[in-house]
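Take a look at the structures below.
Two complexes are shown next, each including chain A; its partner changes from chain B in the first to chain C in the second.
Presenting the complex of A and B:
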């Protein structure tokens, strides 16, 4: 890669490249592709948590105006992926992961889709769906996490870990030992999950879907319906947020495809907000018990961290909750355990910062408690136990600028104003508290392919089949292309969200910029190489040169030894009669690097807040989020991503909680009026500071990842600030005023 | 297999009712054209369920025939193909569907289309003047007042109204009067900055 590249001195503005589409309403999301003869599908959902459908009453619905069909388990066509053993009982075919929609009459959870009504207008479909009645055989169920976790027989082991002595914390001079709980939290992106399916003939399918991974959805659908991948096209041009909920295909995706096949028309299926709570995953309910022991000098002696999180009864979902205790701080003795509790609710899934978001709540709050017991400043305590190498694998980090983050945040939040004694600082009758906590998430580089089409009119088209659910992947890719090719950003277009493009990764785990950026890097290198070779072959002045004698800079090719000999690449293409050149490049996964290094992004969040001493109402005043996310490619969207993570963390800390009525096994607050996500008035001043140091190993751009660490650590930072303000430690999220009063 | 034994006598379906009463009565007096169009029960039902509606959207007058149960939001999105206005909840709880009706911001999911007879609707598609963006749209881009962009049309429509209402005099006031618009991507501080700049700029909105 040419050395003239310097991302900090980017001379390009970093307005989002898709900003105009988004502010004018032109951006088309999954449910916004107008198609002739569109039919509308609406789910009917189960109203019991466990049992079986005894009878479905469809007469009225079938005869309602405009109804084209009603699909349910008795008339649903056989789907290869739903019954992988039917054809070939000896061999296991591809089996659809999770709930096989309309496959049988078994009910696993409340809100499970049991029928799909298809009509010629949305209103008619909604009305007809209201006429469908189901009768059930009900069975005993369990939706109560607190009750279930006490029953050992229900728990499934999901992995233990030990290094050094187990429970060594007990031997330490000082230790803390407590339990922490987080409730179910839902992603609830603003765009409702939606799938529009269109069949062209019997074997060709196009799907407009809300998906974080068009290639993944394509593969799932192709195998599920027994089609060739090349005959399944998935389009995800714009994705209205997802935060993990669109990492996999949920039952509505095949349901729309089945419906389109049956009615022989394009079918649009949009979930309702209520269905967004019960059909597309959530962050699981989790209980944790953590104990940390340290010497009087603050040096950690042992950490024991145990967790139980819920899954469904038809699928196991686990995440790395206790993993953070194994490597975030240097500690000789660590033991962890993790178990799953299957409940009669739908399957959870990865939600922003999956694993560490939950784990850091316990770890970072426990460390805070420990700091008061030791009478050591919480930042100091973390510095005392700073992990210079990965404490479990002993591998060096590819890069770690966490100390810089502590320093940046401490200064910005005004940490020196913090009172060491909880509840002792007051301003205008309000209790004032400061808190901090760290976050971490794995970094790396996944596999990706990209195509570049460099045109003689001076424009460049870059392509890869990824999604951009909001972080600004398109903007980052255009920025990388602009820097590498020395072209203005407005000459470059990044095309994405279509499986017809070269395969890109699923957008998740903060990995898009690294993987796709590396592929774009390879594409640009190859384009430059091709141009150099073309110049040598076709321009007489270059004919004696070898490729290494030719330099490419900002659209010009030079002779290295004699800069007066030059040609612009547009002239070169025109001269050689080629309107464009095209290259496709693959960039491999960073597997070899992962053998030699530990790869992580880090964050530290600082919070200043006020608590009303009588009502317990919490008012956030200031959040400072700092991060070591490697080199920052696009400062403006990167900052927004951090801000967004902090806002998500506010919800996790203070308001978000799915409530289940265990008499009926039903969610009672599945709407935005009752499930409280943060609104504008809940949001304080948020400052973002990046260490902004390139990682030398992970990818050519020097970037790591931002999406997850933006949220991981925010909730414990708030909890720690609440403790600092009030002296009350709330270990059960969300921290609502009632918990501060009791 | 399918046991539809509950074919109920207690409550006739709406179609059955129509067949027996209104529809038959209407058919008796209908013109031949109508009779031809109403070739089956669904079409008859459809014809009688729709009522005329005149509506101006982004300066264009539409003469429509819509069912009374169609919301303004669904009319815009599904019938007029103005998908810039978003559906986030359909319950008046998120603000994604915010449009201006006669200059006031409303949640279009909470308004039946037919309640807007003769009114003037402005959606996100009606803000820009050709290539020239509305100052609020420009300010949202400049301040990165969004990530995924799904809540954005609603935020922008709300933001313009917020300034016009005189509710954008301070950061706190903006936060309060923009709290009916949820942004799950959490772009709130940037949205406030974008509005503050437009307010200070004082351009006519």
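Presenting the complex of A and C:
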């Protein structure tokens, strides 16, 4: 890496490079690839939560106009990955993770796909699907989390942890001990999950999919269908939001592939909004019990944190809910436990801030309670227990500018106006509350490869098979390329979302910029090195130089000792008769660094809100989100990402809740009218402040991730502000007006 | 979606004739509710009669009141100077309903005739006496946070979802209809039904009848307010809502009309509360007592019991806001 690169010098606008394509409709999402002879597939879904299909009546549907085929368990072709592999440990086999669509007649959840109707138009497929009738043998089921969590026999252990003494909080001068619950929340990105599958012959498959990881989807499909990976191409050029729901392939992906094979036509399968609730995961329902004890000086003595979250009966899904209590604050004694409760519903999955988003709700609310008991300001309490090194591993952090975040947010929200006594501050007849809470998520650097093609016309193409589900990955990669090569952004194109490109990571865990950016760094270094060598070999004026004597800056190669000797790289390429040079570079995972350092991004969210003293209606007035996410590569998209996370946090705190009818084991609000995602009117002014200090270890850019910490901590900050306003502590999300009625 | 016939008409007479011709025919105007129901398989009209070109979109007034055409859009009515100046309660209620996009499509007549948003009604795999008489009420023993605390029956505990209708009930509006047997005028409070044993019937419109307009008589209410409490700030149905129209002179309430939304199968007029208020001082104390009167007789179930408390808070707050 050339030393003259200065990331603080932001001389390029950071408008989204794909913004115009998106707002003008030119961008093609998974369901928007028009193909000749396209057929349309629509799922028929189970209407019971547990049991088996006894009979399926297909006659009417088969004879409906335009129907090409109906696939269900009795006629579904044998899929290599769908058969349970031989349990013999000496044999290796791939088994599809999760529901094996149309594999048998067993029903695991309400809304499970039981048949796929394929027709020549979408309308005809929808109509024919409505004619399919299923008869079931029903079995006793459990969908009620509250009921199930009391039955120890149903619970599965998912990990215990102990440091120092267990339950040491009991010995502390002051302690709090309470239970917290969050309901199921769904990702429900604007773009519906969709798969368009195309076979060429029997062995070559192309899939246009909504996926956060084209390479991951490629591997899953290749193994599931017994194909060579090189014969499976997955295209995910544009993704309209996902928040984790597209981190893995759900049953609709193989279903579309099976259908395309059967009807020998390209098949498009788009989930309905209702199916977005029952087929592509969600943040699990979680119960937590947390106890925190401290001395009168506020120094933590012990934390005990226990959690149960739900999974399905056919797959275990766990996430690091209690992990935050192990390291976010300096505390000598910590014990945690985590259990899973299998329910007869579909499998949950990672959703923005998975684990910490849930865990921080309990931890940060409990700390808030503790601050009132101790009569210590909540920010002060956190500073008293500031972890200088990772409390569990004792490793230093690669970087931690959390103190800066507290200071930035405290100032911006006007924390000095906060009343120390809950319910004592009023403005215009409304109760006013201030609250804050912290967030955290792992940082690091995953493996990634990238290719650079530098052309004699002055343009640069960068490539990696990653997705950009909305955070602005493309914009960040173009920015990094532009700064490294000293080229204007409009000369650089980042190509992504295609498995034909060099392998990139799955977009998740706030890791794309770090991993892919590091690969782009390696590519740009290599391109510059190649140019220097070419100059020495081919330009007489440079022929006596060694590579280290040549300098590259803003598209020009110079002799270090005599700057008058120079050549532009475009002239160099033209002189050499090469239209372009191309390099592929791999950037390794930060495994060695992880041995020596702890790596995390941190956030602190501050909230000012009003509560109507009689009706309990909450009005958010101001949110300030601060973050230590290392060096910010693209300020505008980074800010947008933080704002989006804050809005997600508002939903978690105040409005979002999937409701299940436990008599029928069926979701009752699986639509956007009844499942309340926050709207503009719920959203206050959101200010975003970054510490913006480069991390010296994780990657050459100095960046850490933003995606998760944008949301983690927002919900407890709101709950803490509600408490400050009203004196009412709501420990069951969402905080709807009825919970605050006086 | 099941295939259906689609016809357009341009006169009231033809529309009524077109409806009578085919059993299972339905009028369609904005379609913001009906199209959803058709997609979900809850409604399956064999014939849709598009009435959007009928000359029923005008808003006119005379000395006795304001006549709003049935096809006037929710957003047009809310923005109309006559409504804003003389019927601010109605304008506020309209603005509280649905979302801007829906209000730009939905008509006044359609708003009155919209179906309940009860989840069980909207999911054809669930039991619902309103959708399928005799199948049972899923909500009663299921999830009923949004459901009725007044006037419910064993057969149905659904609520009417409209905000506009709550205001129209308080304003003593009159529904104008035309049908095969001629024109009728129905007092708004008598237009919708309680569920009783026939929850499949939402209202008293006769077979073949079309709503042509809403007449709102002139009034002397100098204090009006619509308060809606909901789970999010826009695009959410009322947990409870209150329409208040008061005539207050020298601090004394001369006339009072109140109704509630989100609590019953129809806009719920608070007659006893109105009687209680008349002649009393417009004060916090009066309003607190009135709120208790308003919720007398309310019956809550597990998930909607909070509405009794919330209803009290809302009535008191709406009255206070009205005189502010």
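Just a few scattered comments:
FYI, the second predicted complex is superposed on the first by the 733 of 742 C-alpha atoms of A that agree within 3 Å, B and C clash if a C-alpha of one lies under 4 Å from a C-alpha of the other, contacts with A are read in each partner's own complex, and residues count from 1 in each chain.
Throughout what follows, a contact is a pair of C-beta atoms (placed from the backbone, for glycine too) under 8 Å apart; a residue touches a chain by one contact, two chains touch by 3 or more.
All values reported here derive from a predicted model rather than from experimental measurement.
Within the superposed three-chain model, A:460 lies out of touch with both chain B and chain C [touch as defined at top].
Judged by the touch definition given at the top, the superposed model places A:615 against chain C, while chain B stays out of reach.
By the touch criterion stated above, A:116 is placed in contact with neither chain B nor chain C. By the touch criterion stated above, A:678 is placed in contact with chain B and with chain C alike.
Look at A:44: by the touch rule set out above, it reaches neither chain B nor chain C. Of the two partner chains, chain B is the only one touched by A:189; chain C is not.
Judged by the touch definition given at the top, the superposed model places A:270 against chain B, while chain C stays out of reach. Once the two complexes are overlaid on the shared chain, A:471 sits against chain B while remaining clear of chain C.
Set against each other, chain B and chain C touch different numbers of residues in chain A, with B touching more.
When the two structures are aligned on the shared chain, A:480 is found in touch with neither chain B nor chain C.
The interface of chain A with chain B overlaps its interface with chain C at residues 123, 127, 673, 678-682.
Contact residues of chain B toward chain A in the complex are 1-8, 13-16, 41-42, 45-46, 49, 67, 69-70, 74, 77-78, 81-91, 93-94, 96, 123-125, 127-128, 133, 137, 140-142, 144, 146-153, 156, 174-176, 178-192.
Residues 15-16, 18-29, 31-32, 34, 55-60, 63-66, 74-75, 121-123, 127, 131, 133, 187-192, 238-241, 243, 270, 272-273, 469-472, 636-637, 639-641, 643-648, 671-673, 677-683, 685-686 of chain A are the ones that touch chain B when the two sit in their complex.
For chain C in complex with chain A, the touching residues are 1-3, 41, 99, 117, 119-120, 123, 125-126, 138, 141-143, 145, 229-236, 239, 306, 309-310, 313-314, 316-317.
On chain A, the positions that touch chain C within their shared complex are 47, 123, 126-127, 130, 612, 614-617, 619, 654-655, 659, 661, 663-664, 666, 668-669, 673-674, 676, 678-682, 734, 736-738, 741-742.
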